[in-house]
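We call the chains A, B and C, going by the order they appear; numbering starts again at 1 in every chain.
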Amino acid sequence: MTTGEMNIELKDIRFHYGKITALDGVDLTLGEGACGLLGPNGAGKSTLLRILLGFLNPAQGEGRVLGYDIRKDQFLIRRSVGYMPEDDCLIPGMDAVTFTAYFGELSGMPRQEAMKRAHDVLFYVGLGESRYRLLETYSAGMKQRLKLAQALVHDPKLLFLDEPTSNLDPQGRTEILDLIKDISLKKDIQVLVSSHILTDIEFTCSHVVILNKGKVAAQGELEALKEIQFSLYELRTKGETAGFLKGLKDKGCRVEKTEDELMKIYMPADLSRTEIFRTAALENVQIRYFIKSRTSLEDLFAETVGVD
Amino acid sequence: MPIAERGYAHWDGTFVERRFPWWPITRLGIRLAFKRKFFKPVFAISLAPAVFFLAGIYMSERIEDFQFMFRGRNGNRLLGVDPAFFKTYFTFDTVLFLMVMLMVLAGAGLISDDLKFNSLQLYFSRPLRKRDYWLGKMATASFFLLTVTLVPGLLFILFKIIFSGSFKFLADYPWIPLSVAGYSLLATLFFALYTLLISSLSKNRRYVSILLFLVYIFSDVFFGIFYGIFHEPAFCLLSIKCDLQQVGAFIFRVRPQYDVPWIYSFLVLTAICSLSGFVLKRKIRGVEVIK
Amino acid sequence: MTAVIRTQSLSKWYGNVLGLSDVSLEIEPGITGLLGPNGAGKSTFLKLITGQIKPSIGTVSILAEPIWNNVRTFAKLGFCPEQDSFYEDMTGWEFLTRLLSLHGFSAAEIEARAERALRFVELAKDKDRLIRGYSRGMRQRLKVAQAVAHDPQIIILDEPLNGLDPLGKRKVIRLIKDFKEAGKTVIVSSHVLPEIEALTRSIVLLHQGKILAQGDIHYIRDLIDKHPHKISVMCSNPRRLAARLVGEPSVQNIQFGPGPETIVFETRDRDVIFGFLPRLVVDNAIDVEEITSPDDNLQAVFDYLTGK
């Protein structure tokens, strides 16, 4: 992919279902890296995904996915896109290898290639040992991995994951999230994750798109979006803090204590943060937690979707 | 490269443009059908009538050997292989019933299972047209139906020629191969569309199986009831079985059983096929890939 | 504080399949998180304490009374199940009022309580729509509404945030915290561990039918001897910091990464390390950007205890 070429480019996309406006002018550009797709229910996420997968023609606007036109080259798009649906889906009576190879074939792979690739992909997602078992015997975590396998079998350049950790126990969740992170580190697979679990998005994605009421409410690199302009640090300490707090205030900081014993320190622009540690050393206070405050994704979401 | 890289690897093959993109679907459908309980015995039984009729062709040629069975009656008249023979096989009550049984076992789940297990999402997120999906499923059903219609029909012609040692049969009735093909196509198309229609109506394969039976059987029962009350042969249009038999009679140039123009039966069958097409189009469009 | 729910040697088998084995615990007012892998016995446990099934061995008592067939105690219990099983042809209002009438309230009270509960979960404007037309999030909120409408003392929620968008989750989390403020006892079962952490520090971890751990997350973490505490420091000169730490006997392990500015070291004696860290940092002119404890959270506790 040459520089300047984005994986997804959408301009002014509009769509209505009868009288209901689902998408009201969506502009989107996505390049490398994993991107999280967020939004309240009814924001237009599913409609957007349908248009990106080439199922719906937008009423207005144009776009390209992987360089293919979303109106004219829908088939070509679907050949290079993998979709991992939210719901359980399987075909009873098949085993994992047959299942995965079958869908590889339907994506356009030659039969033998599909079979070979199915084995590889099943090992990759961790189903190697159970790939000859019937799908009805699979647990929830295994079914989730199977869905990922069928999305990967034809080596897509764009991967859509819809609620990839739903119904998984804590172990299953970490395993799928690790897989997603691993895939997204491959520079040439664009991963788009739609999820309501913000910690998952924070773990796997470097970019986010927040949709609300059919429009893009926020878009960009996660780190950049969460950045706050002024110097604010969050701390947890152990020890007698009275002297510590006074020392900081004397240097010109403003200190707040939140519930849950988190300390927030607003630093003046010309003060180095090492001064916090100097004061702590002086007053014999342990600093057990120290981070530069950023907006949490949750707060960012609430802000952009503008509610409560 | 001394040590191969583990983890995710890209695929460097090329995609193929298949002539029949729906073929994997059919292949899978046939495979899954054979895995179903009771399917193999039922399939074997459904071939039995064809075998019997084949034996009948053999017997009719060697009537002298079997004279003992008939004791004086004109064997030729009893076992003549003529168009009526074909019509009898194709419209045999049991054969039609076995076709429905085959559909119950091989066809009931064709669409209903995909609805139940949400696999339509997986199909349509691939470069697969809805038409291809439909064709694949139709081909699965048609495969089994053709083995009970077209294949025996052609075999009858072939064996008649072989056993009689001459092409006289074809000379007498040159249109027979066409009729065989025509009727087979009609019956296959009808039963396939009928099956897919009912299969798309419910997520529960058991309901579909029952419905496939009931609609077929009750259509005949209703005919029987109304005919019993009103003695009006036009009620035969109600019965799917009779409709097929009427049209079959026409195709094989044999007098139909009921004094009702065959074209009406044909229209009834066509109506059901159209209904199927209409419902399928809506059902498969209606189930959007992403909720 | 007196225990609200007390179980004694609670065990349950289904034929020869183990559900729960020898679970004795006391649950006090406030929020308790219930977690465990699939098949650990969580649903069995919840069914036993809500009196839906009878134990094979052992007793359950709620508010000092045995629960079995105890109608008086049922009235004090609110349960929000994981599955969706509604009467689809009823409206939300009908559903809630009919359930309330089972408690024996007067008609006026039923209306008042239903109104209040629906307003609580923000379903007031959809109360006359058929449940069949409800979205996932609305169904979830209706389930919570029916769990609290009769003002129970004890509220048990099984995967309450499932299917909600981030704003919906916020609302329910706030609701649950309000219950705690009101002095009620809440048990929340979930697979999404970060979400439990947002609610409470007090957990019960079930594994293979038994209690694996119970209590405060951080206290439990301290007790896990096998895994010394990890401390991650992101700073300007990690190698200099590492060099200074290497000579320190309470540092057990030092690792570099992830990323060029981070080191992660392990220690069993955090007091000692945090005691001299500020002085160390200041004296060696190390600009610290971040100090965190990557394995002092619920996911790590879960992983360590269930033996990953």
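Keep this in mind: contacts are C-beta pairs under 8 Å (C-beta built on N, C-alpha and C of every residue); 3 or more make two chains touch, one makes a residue touch a chain.
From a predicted model like this one, the values you see are computed outputs, not experimental measurements.
Engineer: Measuring centre to centre, with centres taken as mean CA positions, what chain is farthest from chain B?
Structural biologist: Most distant chain from chain B: C.
Engineer: Of the chains present, which has its C-alpha mean closest to the combined C-alpha mean?
Structural biologist: So the chain nearest the centre of the shown protein is A.
Engineer: How many angstrom lie between the centres of chain A and chain B, each centre taken as the mean Cα position?
Structural biologist: That gives a centre separation of 49 Å.
Engineer: Quick check: how many Å separate the C-alpha centres of chain A and chain C?
Structural biologist: 24
Engineer: Measuring centre to centre with CA averages, how many angstrom lie between chain B and chain C?
Structural biologist: Chain B and chain C have C-alpha centres separated by 58 Å.
Engineer: Could you please specify the touching residues of chain A with respect to chain B in the complex?
Structural biologist: 46, 49-50, 53, 55, 75-76, 78-79, 81-83, 85-94, 102-103, 105-111, 113, 117, 120, 124, 150, 152, 154-155, 162, 182-183, 186, 188
Engineer: Quick one: which bits of chain B touch chain A in the complex? Just the residue numbers, please.
Structural biologist: 7-11, 13, 15-18, 21, 24-25, 28, 32, 35, 113-114, 117-119, 121-128, 288-291
Engineer: Going by the contact rule set out above, which residues of chain A touch chain C in the complex?
Structural biologist: So the residues of chain A in touch with chain C come to 38-42, 139-141, 165-174, 196-199, 238, 272-274, 277-278, 280-281, 284-292, 298, 301-302, 305, 307-308.
Engineer: Touching residues of chain C toward chain A in the complex: what are they?
Structural biologist: 35-38, 135-137, 162-170, 191-195, 270-271, 274-275, 277-279, 281-282, 285-293, 299, 302-303, 306, 308
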